[in-house]
Structure formats: structure tokens, C-alpha cells
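Common to both upcoming complexes is chain A, partnered first by chain B, then by chain C.
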Partner chain A sequence: MPRPLQLRRAVLSLLTLGATGVLAHYYPRLAACFPHIVYLSGWLLLALCLGLTAYNLRKKLPFLPLLSSRVWLQFHAYAGLFAGVLFIFHLRFSIPGGAFNLVLAALFLAVTLSGIGGWWLSRVIPRRLTSAGGEVPFERIPVIRRDIRLQAEKITLAAIPEAKSTTLADFYVRELAPAFAARPSFFRHLLGSRAALNDRLAALSEAGRYLAPAEQTRAEQIADLLRARHALDFHHANQLLLKSWLFVHLPLTYALLVFTAVHVLLVHAYSGGAR
Partner chain B sequence: MSTEGRQPSPEFDETRYERPQKDWICGLACDGCPCRLGPSASGVCRAGPDCQPLLVTAPGETKGLWKCTRPADWGGPCQEGPRPDGSCCRSTPPCVPVRSLRARRGLLVSATVTAALGLLLFTLFGPARDRVITPGLLSAVHSGPHFSAAHAAAGVTDPNGCAQCHPAAHQSPANWAATSVRLAATGALTPAHLLAREARDFRAMDAACQACHLPHSFHVANVARDTSCSVCHLEHQGRGQNLLEVNSAHCSACHGSTKDMGDSALLARKLDPALFEKKLSANRAGFPVARPPAGLTALITSFAEDHPEFRANLPGSRDPTALAFNHALHLSGPNIPLLDGRALDCRACHVPDPTGALMLPVKFTLHCQSCHGLPIDASTPSVVVPHGSPENAREFLRALPAAYSDDAVRRLGLAGKPLRDYVTGKLSALRSRHPSGEQLEREVFFGDPSAPVGRDSCNLCHVVTATPAGSAPSIAPVRPADVWLPRAHFDHARHTQLDCTSCHAATASVATSDVLMPSKKTCASCHSPKGGVTDACTVCHGYHNPRPAGLPGTAAAPLPAALQRAITATP
Partner chain C sequence: MSTVASLDRPRRWDAPFDPEFPAADIERLLAIAPFRAMNPESFPRSATLPDILRNDTAIRTFQADELIVREGDYGTSAFLILKGRARVVLSPGLPPSAVGRKERGKKSLLRSLAQLWSNPREDEVIARRRQEAEPSRSVFLQDVPRVLGEHKTAAMHAGDFFGEIAALSRMPRTATIFAEEQGTQLLEIRWQGLRDLLKYDPALRAHVDTIYRQRALASYLQEIPFLRHLEPEARAAVEAATQFETYGDYDWSGEYKKLVQAGAAAVAKETTIAAEGDYPNGIVMVRSGFARLTQRHGAGHRTLNYLGAGRVYGFDEIVHNWKNPGAAIALQHSLRVIGHTHVLTIPAAVIERHVLPGLPANQLPPPIIIPGESSNARTPPPQAKSRPTEAATDSALMEFLTQNRLFNGTESMVIDLDRCTRCDDCVRACASTHGGNPRFLRHGPIHDHLMVAQACMHCADPICMIGCPTGAIHRDSFGGEVVINADTCIGCTACANNCPYGSIRMVETRDEDGEPLVAKDQKPLLKATKCDLCLDQIGGPACVRACPHDALDRLDLNTLDPLTAWLNRR
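Let's turn to the complex of A and B:
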């Protein structure tokens, strides 16, 4: 039996496909019957845009009993796709003329594409993060990063009296301390590169030949912390990307609404010859 | 799920959850050591002592002892305790709070909206407003210096001509808003109007169009739902836009509508049939077809599918031309002589007019006389019965001696006695075949039933009727139709790659009454989506017709004289 999420996904996919089919089949016929079909499709498009934007409002009002945010997000994604199709019909399958209309169309296209891109990211990144393990809230990452660094320093310091040697401590100060203190590399972790981690582990393993037995035990603990830090940086990069696409989608959405309002104004004011 | 190779989740204090909804976060958070208090809602650092020590004075004591008041969730009272002066010994270092990710996003949204509003305000109140908001360039015929000159001549002072069609063009955005609200609430763009099948009221726009295009306001008398100019002729589609190209969907919107055609049929039955007569140019003859009482109101959605058969081809339709002509015999008969060394073909008689669209009328002198010379006797082919009038023919027959004499003088240069002998001989030979003048006339007009096929009497081709004695026989006038589809236009010049007989079944026609028009199916074999050649309505039909006299409002105002002159002067 399918889970509610999969069921909703299937139903919404079918609804979107059905609505697109109905639109493609009936729009030309309706266009022949209704002289104002462009107005009608425009108003429907505006209603869809406002409905899609309402998702952001819904997120700000979590106490209202208006379905769960997950349901809203699913509706947002499928309704957004349908709005893209309707937009093409609204444009009569042609590139709009005039600077204002071009900007408006470009904004709509950018919002739709960024939405599709964000949707894709929200499907791909969580799987990557689950595969990598080490789930952690984004806001806690700096604290955990600091904890890992402090733990590494503590282990290194503990090795000195145990082994009566500073070999591991010297190696830590020289090779590992900058790595634990450094900010994470965004693009390297986004691409899933493990080269830096492998280099450090290899260096630590190489240094193992010069470590006392007590230091070697501590070195293994430090190696675990290096892996933990790598996983944390991987989470940081991917979660940051997951949050960053909204920096494109949301501003463009509100700019689109502003331009749409003026578009409605112009269409009505100049409706003497428009259809 | 297998957890092999996956990192375990790191341990962290879940009670210290940094809420992402906050607008400001501690400036030390990025280093992983944010203070417990965090910045204020307005982004002010609230770092300071961990507690406010309390002076506890035991009974009998005068100085008292400072006690740490750090709350339990901060770790409870510290071991060190307050300083002797009563200040807290632990103090959180101050920071510069930073905006959270969400707050930065909100800031970006605000900045983008502000920029968009600024750009729009600059555009809508700036000098480039018309250029920016136009949905596309005007067509070439409605722009450029010639159009400006015509506008200037008409007294239109608007520099861009926008206000001529859009009254709101030079209004302020505030007025646009008022207009929009009015139209959407009570005007022509209310939901009820938008869902109606009637086009909105374009009278103001049509009036602007017809300021120059006066004759283009009429379609047919029984139109049920009149259409605005701008429904079919879409402007603002660019300089290269051809306003004459009309989408067939605009035609089928009415002609494919049961309601519209039903209304038109009702109207057609009420109106005077004379209002629907198609006026042809003076030198053209149309094929007479009866107009259906309900008018041309068949439902049509496409030419190939449901366009009715041409009315010239309807069952029982026949060519009424009073002439006996056998197309099959002339095109493929065994005894037809060669013309300039070639067999007779369609183009020998049917010559295109200067435009190439239609054929010129067939003339006896040009197309028939070379074979049908009408000689009075075979030995003198130059003496021929005049063609065109039975009276002239009879006068000619009654003056035959003079005709022979003139021919001898002109052709042989005879005079005096040789001339008289020549004429006498010819008349004698004629008299031997036709004992009397009456018999000669009868045979010329009605032919000799005993003569072999191929005689050239009048009734070979014409319908000749005997009249009371003393007057010439009557010959039915001949005026073959040259416009067979009066409601459509056909251009032969565009079809020269086709053989005539591929459309006109002339090789199988033996009677004049045969209608040799191609069927609709023949045309649709090419003019259809399957045939690959355009099947647009406007290929054959025009929308605009002159308004017939007798309809209300026929007195169309003439163009302003200045504008008429400007248009005339426009190349």
C-alpha cells in the first residue's frame, strides 16, 4: 500500500498531467469561442501565482490549521509546473514583444526555472545527506565544528603525558590544527570531493610510524574526528545550497508580482484594442 | 537501511537550539561559541555579566555577603562567586550580531522589490514610457513617415499616435488604475463579460480604425455578431506584420457557431434578397446561382472538412449560355484543324486578363473566325456573312452583288466589264444552288438539313428563332459567364503550374450546359492540411463588402479631405 506522500505525489502528478492535457485540448477551441480567453488565462495565472506565493505566508503562520507545510509544498510544486504550462498558452506560444513584457516573461521564466531547480535540489540533497550520514541541524554546525576542534586539541594534549612525547602534538599543530580551524570549502564538498580528507588521513597514517603506541591510539581518535569534520562540512555545504536557492526564487517571485500588478493595470487601461 | 560507511550523527546539546526564525544571531556563533542570551530583536548585543549578585545580610551582620544568582539552566551559581565589590566575576564578551540567513533573504527580497518598484516608477513616469510598455512595434503601414504625414494631415497631434487608438496613452498611472478598477468592476472587463462569447465593445477602437478605413465597416447584411477590426487585424506584432493576413479561426468563430449561423439565417429570411446581390464590375458576367433563402449560413470550420460544395456545382446546375459549343469535340475531335501547326487547346480561346486572375471573354473574331469564317460560298472565302447582328447579316445577303463587286475591286483590282462579268458569274453560281433569296437567307440562318456536318450556318452555334415575315430572325444573345464564384476570388495566374483539364473536365464535356467548374474536393486535394497548400479562408474570401443601399446607416461619412489627399499622395 502506498504511503500518503507517494499517494499524494501520484495523485498530484496525474492531476497536473490531466490539467495540462485538458488545457492543450480545449484552449484552442475555447480561444475560438471566447474572445477574452487571454484575459481569462491571465486571471487564472495571477490566481495561481498568488496561490503559489501564499505558501510562503503559510510557512510564517504555522499555528493556523491550514494543512501541513509538506502538503502545501507538494501543491506548490505541481501548481507551479501547471502555471508554467498555462503561461506558454497565455503567451500564445510566442515570445512577447516590448521591453516591459519581455522583462515580465523573463521574470516568470526565472521564477519557474529556479523553482524547478529548487525542487530538484530538495529531492537530491536530502538523499545525499542521508547517504553521507551525520545528520545535524544547519544552525548547530558551527558549535559542533568547534566541539570537534576542542576534542581534537584535548586528545592531542592527553597524548603528551601518556606517551611522554610531543610527536603527535607537533604534527597536530603543524598539519591538523589549521584544518580543524578552517572554514569549510563550499564547492569542494558540494562536488563530494574527499581529496582533502584523504590527504590528511594519509599524512596522519604516515606520521604513525614515528608515534609511540599511546600516541597511535590517540591518532586513531583524531582520524575519527577528521572524518566527522569532513561529514559536517559536507552537510554544511549541501544544506547551505538547499537554503541558498531561495535567495533567487523568492526575490524574483516578489519582483514578478510587482511587474504583474503593473501588467494588469496596463492591460486594462489600454484594453481599447487589446484582446 | 544500511549504515555502513555513514557517519554517526554528532552529539550536541539539543536544548540549545538556535531558532532559524530569529533575525539576528550572535556574532560569535560562526566560531561555534554563541552567548546564551543572544542579540535583541533589533540586533543589539546583550552580552554582559552572567548574573546580578545579591547581597545577603545575616541577622546581626552589617556588611553581608554577595551571592551568585546565575540561573540553573546557565549552570547555577558559579564556584568563584561575585567579586568583593558585588560585581559578577563571569562576563560574556560582547560581539557584533549578524543577520540570520533568513533575515538576509528577507533583506534581499525587500531590496529586489524596491528596485523593481523604482524601475517601474522611472519607466512609467519617464520619457521612454511608451517605448517600454508597448507590447510590440506597430506594423509598417501604421508607422513611419508616411503614416505620420497622414496623421498630421488628419489633425492628429499625438507624436506616437498611441492616443488615437488608446485614450489612456497619455494619462497618468493613477488614471490607469482608476480606469482598470472601473473596467474590471463595472465596465467591459467584468467577469460576466470575460466569460461571454461576445467580443467586448470595441466601438471606440473601431472608430479610430475607420477614421481612415471607412469602407471597411461592413460584412454582410445578415451578420448576427459583428466583429471588431482589431479582432482579425492584430496590431503591435512588429514591423513585418501583414495586417491582411487573418487567422481562419476568426472566421470559423462565427461560421462554425451554430448559434451565430442560426441567427444569421433568421435574419437573412427577414431581409430583402436584393441586399445580398453581389455587384460585379461592369465588364464581368457572373454565373447565376440562386441564393438560399437562409443565406450562406452553412456551418464551416475548415475548407476540406465541412465547406459546402460550390453552388455552381450543385445538382441541376447548368450553364444557361445560349450557345452550342462542344468542348470535347474541339479539344480532341478528329476533324479539328491545326491552329498555327498545333492542336487546339484551352489557351487558344481562353486568354487570361491583364491581372492573370480571370479569363477574358471569348470573342468570335479572335477565337472562332479563323475556322468558322462564314463564307457565303466556298469559292469566294473573302466574302463572308458579317457576325454580330442578324439584321446586318440579312442586309448583307440582300446586297450580295455589291459585296462581290467590292471584293473583286479590293482583292482582284477588276473594273468595268470584267468586274460586271465576275459579279454576274458569282451570282449565277449562287442562284444555281439557291433558287431564291429567301431560301438563301433561310439556309444562312437555319442551315440546310441536307448539308454535311460542318456547315457554317448561324444555328450551328446560336439559338436562332424565326420571326414574322419581313424581319430578321432572332438570335439569342450570348454572354458566357466569366465569374463563376462571385463570392470568392480565384487567381488563374497562381495556378499556372497545373494543366487546365486537371481542374476543368472540358475533354468530357459535349454540351454547353455542362458546368465545368472544379469540385470543392478537387480544390481541397491541395488546399488542405493534407494537401500542404494553405486553406485559409482569406485565400478565396474577403470579409469586407460595400454596404448596400437600403440598410440603416448607409450614409458613410467621407474621409476628411486633407487625409484623403495625404493617403492618395502616399506611395
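Let's turn to the complex of A and C:
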């Protein structure tokens, strides 16, 4: 027996495919005998866009029984895809003329692509975060980063009286303190690069030959902190990406709605009674 | 200039059980059993016997056929019949419709929507007013002669105690009881008063313990499938031979925290009820709490399952030995205590003599196959056999659930980290439905891609309730969810300290102007907050409905089936 999610996915996929099929079959025929069908497809597109935007409103009303967010998102994804197909028909498979319409089309494309991109990120990044381990709430990351730095400094300072030497402390100040204090590299961690970590661990290991035994123990603790910091930065970069793609998708959506409203006004104002 | 509101710090008896309890009745109560026999000197000055009676009891008068307690309701008080007669419906129980059980009311659509603008601007604003007591709505049992004819009932008279099982074990009422005589008078004792009475009076403790065990046994044995077919004489023999045992601390939170510190060595520190390799001397039935089923594996013990209320251990081996007297086998697994566990033990000889001879063949367990004898494979553990989905649950997950005592949750918040985008829509939805402050942390123990978040799990054994001096934290009478009455919470932190899962948070309160509320000692006035499962919201838990990626759900972890099904949902 299919599971509820699979069933929903299958039904929505079939509906989207069916609607696309109906559109592909009838739109050219209707367009031949009903030249103003572009108005109909335009209004349908607007209704779809408003329906898709209503998902954000649903999120603001969690206390109302307005179906679960997962159902909304699924509808949002499939309806968004269908809107993309309808948009191509609405454009009559051609690049729109005029700067305004070009911007409007570009906005539509950007919203659709950012939506698809966001969906892809929401499927890929959670698994990466889970595999990396060290789950941490995003808001806590700066605090934990500071704690790691303070802990590293404490360990380094503790090594001085233990070993009666400042070799580790000097190395820390020269090589590691900037790394612990630095802001994380966003793109490097998105790409999953461990090069910086490996370089620092190698440098620490290299310094190990000049360290007293007591310092070597402390150096191992610092190496653990370097790894912890790396894991934290990995979480920061990936969680930041997960959170920030919406800051692309949403403003584009609202810009699209504004341009669409103007587009509707312009079309109806200058249609000359053609509608 | 901001002003800080300074108030009297709330205390235990600020909200007495009956604010209008007549002083003359205290004297009357002190003159009757069991209070007459109590030694007032054994009570501390902070909770004297008259104080307990004045603040934690109420005298209730019932009309004929009026319901006193309903089977299935979660109650937090016990009753002593002072005058008149009551009748308990033993079996079969009355249907919920006959006793007027109704679900808790939810907010209307308009009131739900009004949360958009009516939520206070500041978090945790409380109006320091006591909630008006809801007018009690009496429910009368209809067609009593038919009930008496169709159901087994028993009369209870002045001096009889009842309701103590639900009050003390944090379980639902096991029977419906109604007043039989007009003007039947009862003393209702809320559980924290009963707890103190039992603590300071050994005689009452022994008495209540005895009746508690008797009543628990009678109703419990009915629920065990292979004991249902027994004739009255055989049942009486089984009841007489059944032994009661209680393991672990009633308040096991501290013990658990020590075990957590012990890490992987925790299993070895747990008390063993029955050990693998020992001869099976009897079956063990878990009455309440949980026990861990383990098997030796290398130098350690591997957790195969955890057994909650109603699960049986040792039956398979006894049946095997009864059918194969020449090839007796030992216990195949160990049973270890986790938390506070009541068990009933029926000796093997009694089972062999009174239970097995008349047991229908379809109720006999499948044969145990010992490796190297008739087959190369050993049967799976007895509890897993009847639950095929559990067999699919990996051993590490079992250890995770057991080690962290997560099986206690009936509404645990589980998050699939492979799907969770960490968007915090669940947290925001929770905050929106709870006056601006979320009632959980999206953080908690993790196994593989499963996280059990720090949200109230509405435990089967809610030990957070143990220390509450006012009874503010209680079970909802209909569904049994653990909820906090903000009006009677005095912010003592007992529940938060007792919760082993860190799911209760103390928050500083503010007045309606947003100013912090402080006590006369200038320390902030706190209140306990936790997930209430959105009981008053029309759509149910907002966190679940808010998750866009199907990554979050509320599951009953008392058994593994819901979790296994959820993990395999796609």
C-alpha cells in the first residue's frame, strides 16, 4: 500500500502532468479560434501566483486549521511548476517585447528558478548537516564559536606554567589565534573544503616536534577545538544558505506581484477594447 | 521611568482546594477515622494535619446517581466516604457516552484568529488574578437499574477510600463510581495532600497500599490475554499467589541523572528483576513503569526491547518447560528496572497448574527454538515476535531510546534531521500560539537522523508532577495530557528540576504593562512553561502543522510501532 506522502506526491504529479497535457492539447486550438485567450491565461497565472503567495500568509496563521504546511508546500511546488508551463504558453513561446515585459518575464523566471533551487537545497543540505554531526541551533553558533576561542586561549595559557615554555603559546598567537577569531569562510564550507583545517592541523603537528610533553597534550586538545570549530563553521555556512535563499525568493515574489499588477493595469488600459 | 511590580511570592496554599472550607469541619474530620488515629506530632510545622485538611481537602455532597469519578478520566484526587453509600461499576465498564465524557473545549475560529492582535506585546504576561472556579457540572447516571442488572458492581460505605490508584500512580481512573444515596458526603483529597498524609502517617500508608494493590490486581489481571479464560476458582488461586514488587525510586529523576553520567555502564548499574540464564520461576507482568529487556552480548548487555505496562516476561520459557519437561530451558533474557516500576509475579507452579491446562491453543506462544537443537536459528525475543515491525528497529536505536528514557513519552516530538531544514517554522508557530514564547527547544538527543526535541513528551509516568506543591501541573482529565495551570503555579521550579528531559522551562513573568514581576524579596516571579500540545487550539499541535517538510511529528514512544512506521514513512 502506498504511504501517504508517496500517494500525495503521485496524485499531485499526475494532476500537474494532466493539467500540462490538457494545456498543451487545447491551448493552440483555443488560441486559433479565441485570439484573446492570452487574457485568460494571464488571469489564470495571476490567480496561481496569488495562490502560491498565500502560502506565506498561511505560515503567519499557524493557529488556524488551514491544512498543514507540508500540504501547502507540496501544492506550492507542483502549482509553481505548472505556473511555469502556463507562463511559457502565455508568452506564446517567444521572448516578450519591451523592457517592462522583459523585466516581468525575468522576474517570473527568477522566482521559479529560486523556488526550484530552494527546493533542491532543502533536500540536499539537511542530509549534509546530519552527516556532519554536531547539530547546533543557528542562533547559538556565535556563542559557541566564542566559547571555543576562549577555551583554546585557556588551554594555551595553561600550557605555559605546565611546560615552563611559551612555544605553544607563541605558535598559538602567530598561527591559530587569527583562525579562531576569524569569521568563517562561507563558500569554502559550502563546498565542503577541509583544506584550511588540514593546513592548521598539519602546522600544529609540525610544531609538535618543538613542544614539551605537557604542551603536546595541550596541543591535542587544541586540535580537537580546531575540528569543533570547523564543524561549527560548516553548520553555519549551510544553515545560513538554507535560511537565506528565502530572502531571494520572497523579495523576488513581491517584486513580481507588483510588476504583475502594473502589467495588468497597462494591458487593460491599452487594450483598446480588445479584451 | 520603569517601575517594577512587587508582589507577594506565591505559596503552596494560596489557592486552597476549597477556599470556603468551614473551620468547624476540620474538628469534625479530626474526630473520625482515619484522621483520629493519626499522630499530629509526626507532621512537620510547615504542613500540619489541620493545615492539610483545611487546604488540600474539600467536602463534596452528591445526589443519588450522581457520578463521582469516571473510568478513563485522569484524576489527581482520592476520596474518603464520610456519609452515605457509593457504588463502583466493576465490569464491564460503562461506555463514555453513558458517563458524559467530553473532550476539552477548544478556541473558536474567531478566538483563534483574534490571537493575531490579542497576544500581549511582551512575553509571559500574566494577570495576577486567580482563575474563577468553573461551576461544577453534575453528571447523573441514567437508567441505574439497567446498569445494576448488566454490570457487575460493588457497594462502598462510609470509611472506604477510593481514587487513590489514579491519584498516586498518575494513571487514569480504573472504574466509574456514583453516589447511591441522596446526600452522600465525601472528602476529596487532592493528591499532594494525600501524598503528605501518606508520608507522615504509616498506618494510612499501609492501608492505602493494601487496597491499592488489591484493586490494581483485580482490574489488571483482567487485561492479560492468557488469564482471561480462567474459571473463578483458578482466578482466585492466581490472585492469591500473585506477588507485588516495586523497583526503583518513585521519583526516579535523580537516579536517572546519575545513570546518564554513568554512560554505557548504566545497564550494569540497573537493578535486575530476572536474570538471563536463571531458571524461570514465574512470569513477570509490568503493571506500571518500564523495564529493559537485555541479552548478553560480548562483555556487555544488548537492549532488545523495553517493556511498558501490560507487557509480560518469562511466559514463553514457562510454556516451553511445561510442554517439554525433559528439556527445560533457562530465561533467555534479563529484565532490568528503568525508573519506577511496579511488577506482578505469578509463580511458575501456579501458571502450570491453573493457567496452562485450560489455555486455548491459539494463545500459546510459538515454540522457542534453541540453536543447535532442532534449528539453527533462535526465535526472536518474545516481545518482538508479536511485533514484527519492532524487529526492524536497530539495536542502536533501542539503546538510544532506553538510555535516554525516551520510551516514557506518549507525545514525543521527533524530528527527521534528514528532512528538517532548520527553518524554525515549528518554533515560530509554537510562539504564535503561546503568547509569543515557544514552549520547546528544537534541540535534544540525536540518534542517526532522529532527534527527540526538548518538548514535553506527556510522559506515561510524568514524574514532573511529583513535587508540585499546588497541583498546578496535572493531567488533563480527558486525554491525560500533562498541563500546567498558570493560575496556581507558584514558580517553585520543582517540576522543572524533576523533569529528566529538560522539557519544562522557568520563565520570568511580566505584568500587563510589560514590567517584570518580582516578589517582595526582589527576586523575579517565575512560572513553569511547557508544551501543552495546543489543547485549546482547533487544529491541534501547531508545531506539527507548521512543518513544511514533513520532518516533525508527535509520537507515542511507549511502544516502537509508531516510531518504526514513521521512520519508514517514505
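What we mean here is this: the second predicted complex is superposed on the first by the 248 of 275 C-alpha atoms of A that agree within 3 Å, B and C clash if a C-alpha of one lies under 4 Å from a C-alpha of the other, contacts with A are read in each partner's own complex, and residues count from 1 in each chain.
Criterion: a contact is a pair of C-beta atoms (placed from the backbone, for glycine too) under 8 Å apart; a residue touches a chain by one contact, two chains touch by 3 or more.
All values reported here derive from a predicted model rather than from experimental measurement.
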Simultaneous placement of chain C and chain B on chain A, clash or fit: fit
First (chain B), second (chain C), both or neither touched by A:L5: second
Partner chain(s) touched by A:C33 [first = chain B, second = chain C, both, neither]: first
Contact breadth on chain A, by residue count: chain C or chain B: B
Contacts of A:G98 with chain B and chain C, given as first, second, both or neither: first
Contacts of A:S69 with chain B and chain C, given as first, second, both or neither: second
Chain C, chain A and chain B - angle at the middle CA centre, rounded to the nearest 10 degrees: 120
First, second, both or neither for A:K243, with chain B first and chain C second: both
Which superposed partner A:R145 touches (first chain B, second chain C, both, neither): first
Touched partner set for A:G192, first chain B, second chain C, both or neither: neither
Which of chain B and chain C A:E135 touches, first, second, both or neither: both
First, second, both or neither for A:G21, with chain B first and chain C second: neither
Three-chain overlay, closest Cα atoms of chain B and chain C, distance in Å: 5
Footprint overlap on chain A, comparing chain B with chain C: 130, 135, 137-138, 243
Touching residues on chain B, where the partner in the complex is chain A: 1, 3, 5-10, 12-13, 16-20, 25, 29-34, 101, 104-105, 108-109, 111-113, 115-117, 120, 123-124, 131-137, 165-169, 171, 173, 175-177, 179-180, 183-184, 188-189, 193-200, 202, 204-205, 208, 230-231, 234-238, 249, 252-253, 256-257
Complex interface listing, chain A residues touching chain B: 28, 31-36, 39-40, 43, 96-101, 130-140, 142-149, 227-228, 231-232, 243, 246-247, 250-252, 254-255, 258-259, 262, 264-266, 268-275
Residues of chain C defined as touching chain A within the complex: 107, 109, 112-113, 115-116, 417-423, 425, 428-429, 432-433, 441-443, 446, 448-449, 451, 537-539, 542, 544-551, 569-570
Residues of chain A touching chain C in the complex: 3-6, 59, 61-66, 68-70, 72-73, 121-122, 125-127, 129-130, 135, 137-138, 239, 242-243
